[in-house]
């Protein structure tokens, strides 16, 4: 258990190197990659079981110097906010790899290597407690994702890959400067020059309001692009649509969460004054994202694009919850991050597997295929309902908590956000109707239903969706304490601000 | 008397240098240019003498007029290039002249703005007892400036190798 | 009365003529000659300052400048010959195949 | 507690078995599983009812804590009280009957097992809805019945109309649920809990009675706002004006579904909810007024449209809308018991009517146009008689079920002083009698209008007729058993403790007034029946045609359902779609945001492609640039 | 031996050693023939290693000899190591290129070797004379290297261009130098500083002299608007030479500049601070913007080299210890990634895998030759400054220095530019990975070029992950 976090981070990388050296592509590579991802997932289980839920602080901490002369540490830790994300990451990577077996037909070896490297980046981002380390992982993820979109993507993959890359990069270069600024300011305040996130956070009271505002805005823009929030969301539809299934799954499932994770870990606790000042504006943006995303999703002609815009809408709930700055809101936000990962991930998998058979993503090309693929239709329906936020499924709990929290903080915005509940039903069901219901398009009469492999990789997601919906405490119990600490932290800051 | 002589010398040499360099720049034929340059070199050598730098004046004549210029002439003859004259666009010629003049004016203004320089009268360099220009030069060169002197040898070696490798016909 | 300024102005004039020469001529060799002119201007400056400061450093520097000038002349002319072999021209206007 | 849990487990297990194994292994044996499941619930419901009614038994327990967020804790809990037990009876009875009926009705359908799976889901959801002990459970059930409804309406998903209808139903409900959601949030805000026991605490309510709440800068009474939100949910689910349009379309589903979901149980969830929240609603005066308004309007709209429809199921559907309006109106005036009572009786007779229509449909090869039927009473005696009983019951002729509950509602409405609502209600009663008998006469009496169809008509199998008979008996009996004597029957004593006794006004009402009202409503019903007889037996088809000609615009308006669908399309659907696709997507997303983003890429590219021309490749240019650079820098440093 | 004599000897020993080795190389060159000429280069590498091993000064040790003329200290040493690395990598990467082009001559290595002696003098100079002669040694070597491929018109053209413009700029440098000399009365850095402190800074001629001098420096580091030569020269020069030219002379120019401005011009920090901050902004923008519109990869890399000079100038403007440490680190890292990229470029072109360095001809390289494509990808992303690759560490140090100096605006401009720059680096990877190949080529690449790119890639990765060693290497730098 000592180095479980390091193992979690570097095992996929080691596996990738192993693949690079010893494999030549083909079936064996796939299975090797899958095996690696399964092992990685298994590593998270002791992490989950040994996690002390009554402790809101960092656990399994690993801390050594990395670049001592610059005050940079190799500092890892996991708390309630991250542990679910780790679980989500390893789970989705595993599933995405299994889901790519038939989808990826060219350069398979490279693909699985990219996936595993990406996993390292994602896990590292969530676990890093050193700002510099965080930034390294944060950016490092871009390259494999860029390749996944660009090499294995659809027709406009190049545009999408470049857009994804540059958009995100543009947001994060200034973030780097903010990080350095925090480093120096913290150094000036305490005399200790360090990138230690916890230490920098603990000194928030010493940062002037103007400085906090500046840092907040810069960090926020960086994270907002990743989330993505309106109006910096336009990379998402392109990236989602063009990415291969596994790419979309990871993108929607994990990468978007990095933005909100960043807000939770940095924007809120480090710059609480600014956060409190900016709270209503962020809420407004979130609500715009919720409604705007839903409305635009409604009129999309491409299934993936529709789901992509729906992500904008759903992630709006997450940010709304987080910036409510109360227990319910933040917990809801985190849970919603988790749920969105599971549900949207599953939807992308489902779209991907039908795309493999039909080679079209145009909604208009489908119609009535529920008749030829009943099992598929059922599972698709379940996740559609999950996405809509039907009670008994995960997203409902998340949305509910978000709205409870948001209602307490800014009721008017919460009411507007709740309108999103209507629209989500409209666009998802309309899509569902046009794709699976109505009269059967003759082309798809002999469409093959889901095979065993496909059922196997969807199944865990199915279980989790209901699990979260029916007994969320399994998951929320991890986050209670950490969120409580965060909320108390914000409350203290709010008092200090006055 | 000496001063008048010096004055006359300066003006003659100076005007020669300026005029000959102007001619050098403006002659179409490169051979003419080279010859005008020779005149400039001589004039400059004279200026050096005026400035108490006899040794420099000597090597100016030897190195520039004797070696470098010959090299130029040699190359000019060797290549016998058809293209002569100025760049084709008169506009650019004017522009080139203008910026040169502007830069000159800037330098001039700077110089004029500095009182010390304007009022300082130049005289002879005072050498220590028993020293002449050459001796003083040699002493300093081979004590204080021995390092750059040695580096210059490396420089010349490189130039030699380089010139050979570039100019040699394989 | 000859002041330092006289020499400095003289050198500035020659320097400017050198620059003008580089800018307006298109024969590489003549351009190169103009560069030599600039170096001469430098030398005048150095000699003048050497006299003004009553020390040998300036004069010694002139020697280095000359050494460099000689070395440059050797290499530069070799390069020009090499170019001429390739393109049959030493016209500055015509060596612009790489641009943009 | 154990029984309550068992009630839930029955359908749950049935659903799981059918859902997971149905397609491959169970297939045609699916009904056995499903019926077994619902029978367990039925038995448990009866036991619970017995316990509650005789021993004053009640349960308010937590199975486990469901959602925890800070101080808010929402249990997965169960509440059994008289209201619940009545609802359980309604739900399980109808559900069981429909299950049995479906064996016959759905026989031979490709999705046989699927149908029963869905039915189990529905039963489960409905039971969760009524058994939950907090608002969130209610909401869960609420949404899940919506899902089941969606699935069942869209059971024949390959029909576009069905696919449209199921989506419409879900979306319309969602609009209501939006309000419900807000209501929930306000409940949490107010009571810091979602448990009924905390929210319906008289002291707590008293505490917030005068509180106002600011929304978008406007002040509202907190309770009004909260109940209005909740009521929006009810409007969606119970198809109240203006969210009523989905219900008639929902008839695209198989008929048993219409009977179960869209007549007897799910659509009454709204009534149940309002009744359940009576503690809140009775304190919220503004909302109450709105409830009455919505109920009365709905009752009238439904009835008026019902007058002109030709599709048998649609007639019944509009009748359902209308009856739901009644119930809602009753809750509005505070007659909660009457509302629940009507819910109960309505479930019986409307379930019966729908099942009958299914039987007719079966006989007529899925044809539902009343104009091609006629004279079926000979061919289908059981269906005929049971349908007749249903019609009488709904028309409000004593001693059948409908009379007792409907009369009570009208009396209460009158008694509470809402005379206009009462007038509407009475008028609607007449209309109801008229159009129900209109359908009866057209279908069963007279001469066959399509001989071919008529020849092939036959009575339905036993699996279908048994439920008809059972429900017919119920329709005859429940009213008198539960409701006699008027306003003081078993049901009043039973529900009284949970539902605030409705009325001060009622008790003040003189006995003579009550009798007069009763007589009036009977008279109206009889009048309605007579007119129907006149129109559709005696003078058919001359008189109807003449009437139609005389009131052509009105008829057209009614035939087209007051153009609500078109209005909504015009007001909401088209503008929103246009706004989304033209303004938000094409204009803002693509042409503004993305354009800007791309400009960030293109502008540097453009600058670069221009700037590269400085690099001419000429030595002179390069040196020139350097010299100019020096000049500028010198100038700069001399001026600074 | 007196301590002073000892000091003198130590201060110049590495250069002397190098010169001796250089002469041995000349002899070796004569003794080898044909294919064996590469031995000259390899021996050069060995000599470099020997020199690097024995000339390492003690940490903090300063050996200032010959009347404050030459300094050998960590600063000189670190930059010497950078030059040595550049030499080593270029040599390894060039053998194959030169052989293919038929210009495998010992002189290539000899000249490169001697140019490094010039650079070492530049860096360790404490006197303008030493500096100037060193500078010219380097410059003349570079002219020769640029025009080394005599048979190629472009190479000759770039040699001549470089030469004329270079000579012009050194003319300006000299002219400026004379004024500085005149006003301060000395060529020695320490004495110049002393004089400036004592009022010479008021002298107007110092200003114009310094501007002219700094313009000369700016030429060497290819700062806008004195950069114009750079793209043409890099494009025309033989590719390995171009790689070398983008790294070593630039590093030398920066190092000597740092020495000069820190020691001699310390009293007029405001002047050169402003001067270079203006140039830094112009350089970054111009380099990146024009690189965006390039279709020739080599030329694009040339422009990118310009923009990198811009980033490094930020470190200069920061005027703090972190600043020049960052410059050293940046040069070090840049040596690996840029020479790696140029080597790959040259070899790929010679083998016909890419045509004329055209961007389009990179299409599908990942399919044709995955390993080299991966290498190129790593270099490109490293140049773009994407973590965890080495280029990021370099940029990061630069930004650290700027933030410390509170040059926020410059840091922001730098950061924005590095985002802008990403696109053109990415474009190479786009063609390599995302497009289908235009044509098929079957070719194998020799060992030495592979080793170079492999070392480059591995170091670029390793520095990204374990920058400690590199950072502590430059951490002891003191001017």
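For reference, chains read A, B, C, D and E in written order, and residue numbers begin at 1 within each chain.
One rule holds in what follows: a residue touches a chain if its C-beta (ideal position, glycine included) is under 8 Å from a C-beta of that chain, and two chains touch if they have at least 3 such contacts.
Computed from a predicted structure; not experimentally measured.
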| item | value |
| --- | --- |
| Contacts common to chain B and chain C (chain labels) | D, E |
| Chains touching both chain B and chain E | C, D |
| Two chains sharing the most contacts, counting C-beta pairs only | B-C |
| Geometric centre: closest chain by C-alpha means | A |
| Inter-centroid spacing, chain C versus chain A (mean Cα positions, whole Å) | 65 |
| Separation of chain A from chain B, taking each centre as the mean of its C-alpha atoms, in whole Å | 71 |
| Centre distance in Å when chain C and chain E are each reduced to the mean of their C-alpha atoms | 26 |
| Separation of mean Cα positions, chain D and chain A [Å, integer] | 37 |
| Residue numbers of chain A (touch at least two other chains) | 166, 170 |
| Shared interface positions of chain B, touching two or more other chains | 87, 92, 95-96, 99-100, 103, 106-107, 111, 117, 144-145, 148, 152, 155, 158-159, 162-164, 166 |
| Contacts with two or more other chains, residues of chain D listed in rising order | 601, 612, 615, 617, 619-620, 623-624, 627-628, 630, 634, 638 |
| All touching chain pairs, where touch follows the definition stated at the start | A-D, A-E, B-C, B-D, B-E, C-D, C-E, D-E |
| In the complex, chain C residues that touch chain E | 15, 18, 22, 28, 31-32, 35, 38-39, 41-42, 45-46, 48-49, 52-53, 55, 57-58, 60-61, 64-65, 67-68, 71-72, 75-76, 79-80, 82-83, 85-87, 92, 95, 97-100 |
| List of chain E residues in touch with chain D within their complex | 161, 164-165, 168-169, 172, 207-208, 211-212, 215, 219, 225-226, 228-229, 231-232, 271, 274-275, 278, 286, 288-294, 420, 423 |
| For the chain B and chain C complex, residues of the former touching the latter | 3, 6-7, 10, 14, 17-18, 21-22, 24-25, 30, 33-34, 37, 40-41, 44, 47-48, 50-53, 55-56, 59-60, 63-64, 67-68, 71-72, 75-76, 78-79, 81-88, 92-93, 95-97, 99-101, 103-104, 107-108, 111-112, 117-126, 136-137, 140-141, 144-145, 148, 152, 155-156, 158-160, 162-164, 166-167, 169 |
| For the chain D and chain E complex, residues of the former touching the latter | 601, 604-605, 607-609, 611-612, 614-615, 617, 619, 621-623, 625-626, 628-630, 633-634, 636-638, 640 |
| Complex contacts: residues of chain C adjacent to chain B | 1-10, 12-21, 23-27, 29-30, 32-34, 36-37, 40, 43-44, 47-48, 50-52, 54-57, 59-60, 62-64, 66-75, 77-82, 84-85, 89-94 |
